[in-house]
Amino acid sequence: MIKFNHVYKVFEKDIKALDDVTFSIEKGEFVFLTGPSGAGKTTVFNMLYREETADMGTIFVENTDIFHLAKRKIPFYRRRIGFVFQDFKLLFDRSIFENIALPLTITGAPQEFIKKTVHEAIEKIGLGGKADLNPWHLSGGEKQKTAIARATILNPPFIMADEPTGNLDEESSWQIMNMFGELNSKGTTIMIASHNKEITSRMAKRVIRLESGKVVLS
Amino acid sequence: MIKFNHVYKVFEKDIKALDDVTFSIEKGEFVFLTGPSGAGKTTVFNMLYREETADMGTIFVENTDIFHLAKRKIPFYRRRIGFVFQDFKLLFDRSIFENIALPLTITGAPQEFIKKTVHEAIEKIGLGGKADLNPWHLSGGEKQKTAIARATILNPPFIMADEPTGNLDEESSWQIMNMFGELNSKGTTIMIASHNKEITSRMAKRVIRLESGKVVLS
Amino acid sequence: MRWLKEVFLNFRRSGFMSLISIGTIVLAVTALGGYYLINESIAYTVKRVQQKVEVVVFLHDGLEKEKIDNIITEAKTLPAVADIVFTSKEDAYTEFLKDPDIAGIMKTFDGNPLPDSINVKLKEYSKDNINKIVKFFDSKEGVEDIQYGGSEIDNLINIINVVKMIAGAAGIIFIVSALLVVSNIIKLTVYARRQDIYIFRMIGASESFIRMPFIAEGIVHGFIGGLIGWGLVYGVVTILITQVRKETGIDLAEFYLFSPDFFNIKFMLASIGTGTLLGFTGAIFAQGRLFR
Amino acid sequence: MRWLKEVFLNFRRSGFMSLISIGTIVLAVTALGGYYLINESIAYTVKRVQQKVEVVVFLHDGLEKEKIDNIITEAKTLPAVADIVFTSKEDAYTEFLKDPDIAGIMKTFDGNPLPDSINVKLKEYSKDNINKIVKFFDSKEGVEDIQYGGSEIDNLINIINVVKMIAGAAGIIFIVSALLVVSNIIKLTVYARRQDIYIFRMIGASESFIRMPFIAEGIVHGFIGGLIGWGLVYGVVTILITQVRKETGIDLAEFYLFSPDFFNIKFMLASIGTGTLLGFTGAIFAQGRLFR
């Protein structure tokens, strides 16, 4: 399903962000990506998202070499991945509703369907009364929940989340993890970067650990 | 030192962000502010920072009623508080060095002094080789460390940090907490919002807990 | 539909950016429209003045009627000649006497000091045509003098040509500037919304989905700008005509370009078209760089 | 020093924004400069033409020398009169004979058909002065006719006044537009950097620390824009003078405004001053709204 083949990435100033990274994830797996700050977790995601390319090595997703994807196909590739960014990447000039609806808008879904689906999602993350607020007005945790709702609204076959509980209290964190677990049990492949040892150990899922760009556990 | 007196804050849509909040913090204290997502922690900080005003109630800092501070005095008031924002608030068109140097630049410190002080700070947070990079290129944890370095560069008598370890791995988190502890032992008053139960309990410091805008532990 | 909605959303979000964009197009359309009107009006005036240019041929006293008729008949075959009128010295005298001032002077002469003359109207004014006519009459026996108002007009035309050259250069500079400003304003819009665009792209929006609103924005701004620009020119010209009539008694409205007909339909459409084209082109120009 | 550094930093960060800002000022300065030059040159030309206006008084044949001298002496006391020259009919005849064409016509008369005349130069051209002089001579015995080139010039002045009115209105529109564009461009810069400003303020930067760079930016852009604008006008006028000289033989450089002296010092300073003022005013205008 996802296959990293000896992937290298060096940034200016000789920062080896990824150093011979090789691993593979099967369809339907639930994987944690851990490692200290600066280990290369976000870089792994950026490559999977075709935001960055490798200096060496290949990455296959569903048997497609994603570095040889035609440029015009990238948007469609991305729609198959629900991504929760470490810094949320919410649109600050649209409401919570519009932010969560964005992936649906992009695919040209009918208004009625968008309304129904998005309102359901907003209820689910407990932001019922705040649909028309600007993300600016949300607390850190609420922003994160919004980002998660947006990433899952299209029911993508892959969900990747970069530190999705960094801003959440314990209760919310478990709530979100349970959401991911549920999606996973319906067949969604899930990959989550996290520092939270309690969560990663209690969830008892597969852990891929990076340290200074090297895979030390897989 | 810091005194909240029956502070109320209601946002549009009847969101009671702060609901009769009263507490006080003595000079030199180290206090954790905890509570679930949306409890009002950031709102407390925004008021202390004079970014937001209360609907009712007063706040005194060093015996000054901060809501009656003259407008032109606010910048000087803010320079006495080192603030680590939940979303970092780094300048993405300046280098790490320039970001950390900002509070010094604002006060008109001499170039030589800035250079020395900032480079020391950068070494201390372990970003030695990345002084000239743009924050854009940093990992989440590195951004957070930069934000902390900026907040502490002026040696302010108060340090407030909103979820300063949300993006950090355990090791870095303890490193940062030790930094705060060290500053506290030199007399700095410290107030930290955190969800991390492990840290708040292991540090064994005073905890103020908010829930739905109400103080439930103080 | 979505694009139009985006344009309005964007107007709400950053109204004053949209206002500059529209304002710039208004300026450009106003300037181009004004330039066009002035240019055409000058051309029209020059043509009207040129139509009045005649070559006047003075004949020797006592040239026989037959010879004169021969010259006129032959002259009529010249391709440059539109019409020929013969004025006998008696007719000329009678004409002169009608003006009391001149009559006084005329009376001081004994007899009629005026010569016979032939007035030649040109089909089309040009130095070449005048030269041909002058050459023709110069070769004829019995011609005393040939006069034509050409030289002053040629001077005028020279000056007008220089003015036109400057105005033309200014016009080109203006179109280029307008395009630059419009495209840069849209670039600024793009720039101000780079974070949005980045997020859109991250979420999997197609390039056309991202780009179309900006092009729609250019077109809408261009349309509005063109309309306002037309209104401005229309208003200024209307005020101008009124004022000029009041101040000098000259009726500018008789120059066909200032006629309401022209204004109401063709010129409005041209202004809106120019504005829309400017907006569209500006938007296209704005695309290249920031979307790499 | 810091402000200048900020301006340069900002140029590096968003060069094309700065370029629009400078470009707009260049446009404004160029337009204003051009307008001023044309305006002044027209005024200068009108004055020169007016200076040539004379009142010519034709006298009755055989008026006594003594009476003529009396009239001239008295006329010289009029405040509107600058100089008076008497031309006897003999002098006029001699003068006319110098032109071979006219000489031919003159010879067809027997004797000298020309009258004595008095040429009156005006101190300053004005309808009023002309009327006074005409009235004076009209009241004198022995005056046959009074001529002056006033009416054509008055027509010309009427037209020029209308043109000036239009140009003046356009000038005001242009200054206002330039200010709007410049201030909006700076607002855009402010807008694009709103996050930075917010952060600066959060960290405890004083208002002046935040605002100064923008004002410095306006001034620097204005200075550069004014300089370039001056260069453009200078270049265009230089080319213009060369071209006009080549095409029509008219030497525009003899109009004092186009003289190198004027250009090199006063006009350059004025252009830079105008640009800087525009930039500064624009920056000040931009402050109000976004800094609340």
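For clarity, chains are labelled A, B, C and D in written order, and residue numbers in each chain start from 1.
Rule of thumb we're sticking to: contacts are C-beta pairs under 8 Å (C-beta built on N, C-alpha and C of every residue); 3 or more make two chains touch, one makes a residue touch a chain.
None of these values were measured; they are calculated from a predicted model.
Asker: Starting at chain A, how many touching-chain steps does it take at least to reach chain C?
Answerer: Minimum step count, chain A to chain C: 1.
Asker: Among all chains, whose Cα centre is located farthest from the one for chain C?
Answerer: Result for max centroid distance from chain C is chain B.
Asker: Report the inter-centroid distance (CA atoms only) between chain A and chain D in whole Å.
Answerer: Here chain A and chain D have centroids separated by 68 Å.
Asker: Report the inter-centroid distance (CA atoms only) between chain A and chain B in whole Å.
Answerer: So the centre of chain A lies 28 Å away from the centre of chain B.
Asker: What's the distance between the Cα centroids of chain B and chain D, rounded to whole Å?
Answerer: Chain centroid spacing, chain B to chain D, equals 63 Å.
Asker: For chain A, give me the residues that contact two or more of the other chains.
Answerer: none
Asker: Residues of chain D that contact two or more other chains, please.
Answerer: none
Asker: Assign the assembly's chain-to-chain touch graph to one of these shapes: line, ring, star, complete, other.
Answerer: ring
Asker: Judged by the touch rule stated earlier, which pairs of chains are there in contact?
Answerer: Result for touching pairs of chains: A-B, A-C, B-D, C-D.
Asker: Which residues, counting only chain D, touch chain B once they are in their complex?
Answerer: These residues of chain D touch chain B: 2, 13, 195-196, 198-207, 209.
Asker: Write out the stretch or stretches of chain B touching chain A in their complex.
Answerer: 11-13, 15, 35-39, 41-42, 86-87, 129-130, 133, 137, 139-142, 144-145, 162-163, 166-173, 195, 197-198
Asker: Which stretch or stretches of chain D touch chain C in the complex?
Answerer: 14, 16-17, 19-20, 23-24, 27, 34, 101, 108-109, 113, 145, 155, 158-159, 161-162, 165-166, 169-170, 177, 180-181, 184-185, 187-188, 191-192, 236, 240, 243-244, 247-248, 250
Asker: Would you mind writing out the residues of chain B in touch with chain D in their complex?
Answerer: 49, 51, 72, 75-79, 83, 85, 89-91, 93, 102-103, 105-106, 150
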